[in-house]
Amino acid sequence: MSELIRVKHLTKDFKEIKAVNDLSFAVTAGQVYGFLGQNGAGKSTTIRMLLTLIKPTSGEIEMFGMDLSKHRKDILRQVGAIIERPDLYKYLTALENLRIFAAMSGVRIPEKKLMDQLAMVGLAERADSKVKTYSQGMKQRLGIAIALVHDPQLIILDEPTNGLDPQGIADIRNLILLLRKEMGKTLLISSHLLSEMELIADSMIIIDKGKKLVEGKVNELFDPAETIVELKTTDDKGTYEKLQGSSLKGFVKGLRNDCILLKLHRDQIPALVNDLVQMNVAIVSFHSKHSLEDYFLSLTTGKEYVEAITN
Amino acid sequence: MWKLLQIELFKIFKRPRTYIAFGAIAAVVLLFQIGMKFDGKTYLDLILNNVSDSFEVDDTFKGKLLNGYFICFAILNILLIQMPLLVALVAGDAIAGEANMGTLRLSLTKPISRTQYMLVKFMASIIYTLLLLIWLAILALFGSMLIFGTNSLVIFRSEIIEQMNSYDVLWRYVAAFGYAAVALTTVSALAFLLSVFAENSIGPIIATMSIVIVFTILSEFNIPLYDKNVKPYLFTTHMVAWKGFFYVQTDAENRTIDGSIQNLPAILRSLGILVIYIVGFVGSAIWIFRKKDILT
Amino acid sequence: MRKILLLLALLNTACFAKAQTIEDIIKNVKAKLDKVSDYEAEGKMKTNVIFIKAPIAKVKVYYKKPNKLRINNESGISFIPKGSVNINLGNIFINTSGFDMIDMGKEAKTNLRIIKLLPKDENSDVVLSTLYIDETQSLIRKAKTTTKENGTYELEMTYGKYAEYGLADKVIFSFNTKDYKLPKGITFDYDDGSKKEESPDKLKNKKGKVEIVYASYKINKGVPDAVFK
């Protein structure tokens, strides 16, 4: 599988701040590539450099096998992007916005295809409404329509689910999966929603203070089957002491004000539940958290998730 | 390039604020024409104050003076000071407005070079300026000709009165409007340059107007120190050169020569200076924009 | 014999010429002017005033006895000097008996008789007139007049086919002008670097000139009074 994006020793200095520090990574064609990091880690800066909005201080960027600094137009013809929130011309309609950005994409797109694009994101009925009347979710969907209108091979999404409700988030997730699986697109996505990234990303990179912490396939970096459980009972303190004195002691990681924290393999959950029932533990709630959060926090804060959330 | 230009013009003319300038011009011109129609002779009394001691100045004479060509000249005298603001409204918004709306970052991820983007934006603001001037010409010149009729054009300069035969006037207005287009394009170029530095269009618009006002005041100062060292280099000094098309050559007996211009080389020199300013402003804007990191 | 007769004839003419008194000369001039009750003339007017640049204008000049004169640019615009009514030479003679006449002899180069007229009437507008008269044709070639209302003006006449009526083919009317100046804050002039008139003589010269070349006269055909309003 060819590499669609290859970044080598990318650095960006803003006066005294090193926003991106000797960053290197590669995105393989047909992948969903997650780009993770805390606020201010350098994700947006890196994405803006990929999209030529910011000039790198040093380093190389190759996309589609071409040097970005020399073949900018040829490369960008095959890229669609949303950067942060999709800001559009509020005084124009959705269709007018789409028509404008389609024309700027360097590809002739017939009117019918524009309407099809709007239909794909569920905005066909509001095509002639001014964007200022749109909700945040509708604007996000219009932004995606704009990113896809010229049928790009590479789609870069910077925080695509920002400001969306759960249904909206689910819609974006499904769309991303559709783009990858059925249309063979490559996607580079930065997001804070780790649970979402875990569901859709094939590979990822985690950066902090502009530097790469780790990069690789999701299932090779951490065991997605490991999980943190937040257990709420009618008597958390009493239950905690009971568990400490039982065979389940190895799973217990801590006691928080609102729950008991346990760490175990997903496969072990049914047996645990059984044991708790047998111990007459009155379970109020049993919530299994994704361990990508654990992994993310352990890398970026140097602490284990349990430690991070109990302290 | 043509498609991109169409898009820019579409965006400009879809915004309600674009029409403010056209409305403002219409309002000023109409109010001035109404005022002159009803009380133009009083306006003339002020100007003819010195002249009426030596020459017959009766109502018939004043009535003939107040013809369409004269009214248009008076309007241009007033409006071509305010027009820079109207032009800056669009040019100052060119880049800053896109940055403010957030659409700049999306536009610059498209396969268009930044130079091309800037050139298209500037061409759109030139077209807007030309349309404003055509609108002004229709109202101020043809409208005045319709309302007040035509006759010789008499222009009252500070120390000379220039009179041209009526058949010798129209071509001068064509030239004057053409020159005004270049003059206003200079202001447009300045606003365009300032727009690159801002993320809100109010800043470039106000900055442009402030510079034009200060430079205009300096251009009008009668201080010898400024006459040689400052004035010749201010673009505002050269913006009024359109009036030069109405300064006529005379023979030895002070008779005007039809079709002549008193000092065409001076007008062409001023034109050249304005073109240099335009190239300088736009060139700088493009150079800076190409290097700029887009953080909005 | 023939030579003697020729000499006598010449002497006779000379004596006869010398014999005309200034009263006779004025009387003859006035008689000619009195032949005209009114006229409507067409001509071209050139304005030569230091602060006015104007094209040649087609004008009509109307005259009605005793002292109505009006210059009209029917379609266009012309700066008509105040006091242009004095283009009518008859104005000088409106009250002949009211003048003291002084014979100033002849102007050497032109041989014109110079006669000064001083009005006896203290209320007269005219203060002094100096006339340069062609005695043989009874025509005033030049007149310099000082008036109370319109200052001093000069007239220079060139005669042609209308000489029998005392009507000139060309009149140059010179008059005084006041300074013309408007504040630059009103005019926003463009300084095109043209050289301004710096000769002190010209700057001091506050005289304007208007030259009318007459194409035709309609004499004694009637002119309505309304024209002079």
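Here the chain labels run A, B and C in written order, and each chain numbers its own residues starting at 1.
Please note the rule applied: contacts are C-beta pairs under 8 Å (C-beta built on N, C-alpha and C of every residue); 3 or more make two chains touch, one makes a residue touch a chain.
All values derive from a computational prediction rather than experimental measurement.
Taken together, the touching pairs link the chains end to end in a line with two free ends. Simply put, of B-C and A-B, more C-beta pairs touch at B-C.
Distance from per-chain Cα centroids to the pooled protein Cα centroid is smallest for B. The most distant chain from chain C, with centres taken as the mean of CA atoms, is A. With centres taken as mean Cα positions, chain C sits 101 Å from chain A.
If you average the CA atoms of chain B and of chain C, the two centres end up 48 Å from each other. Taking each chain's centre as the average of its CA atoms, chain A and chain B sit 53 Å apart.
Within the complex, the chain C residues that touch chain B are 46-56, 75-77, 79-82, 84, 175-194, 196, 208.
Against chain B, in their complex, chain A makes its touches with residues 14, 48, 51-55, 72-77, 79, 81, 83, 85-92, 96, 100-101, 103-106, 146. Touching chain A in their complex are the following residues of chain B: 3-4, 7, 10-11, 14-16, 101-103, 105-113, 291, 293-295. Looking at the complex, you find that chain B touches chain C at residues 47, 50-51, 53-56, 61, 64-65, 77, 81, 151-152, 154, 156-166, 168, 220, 222, 237, 240-244, 247-248, 250, 253-256, 258, 262-263, 266-267.
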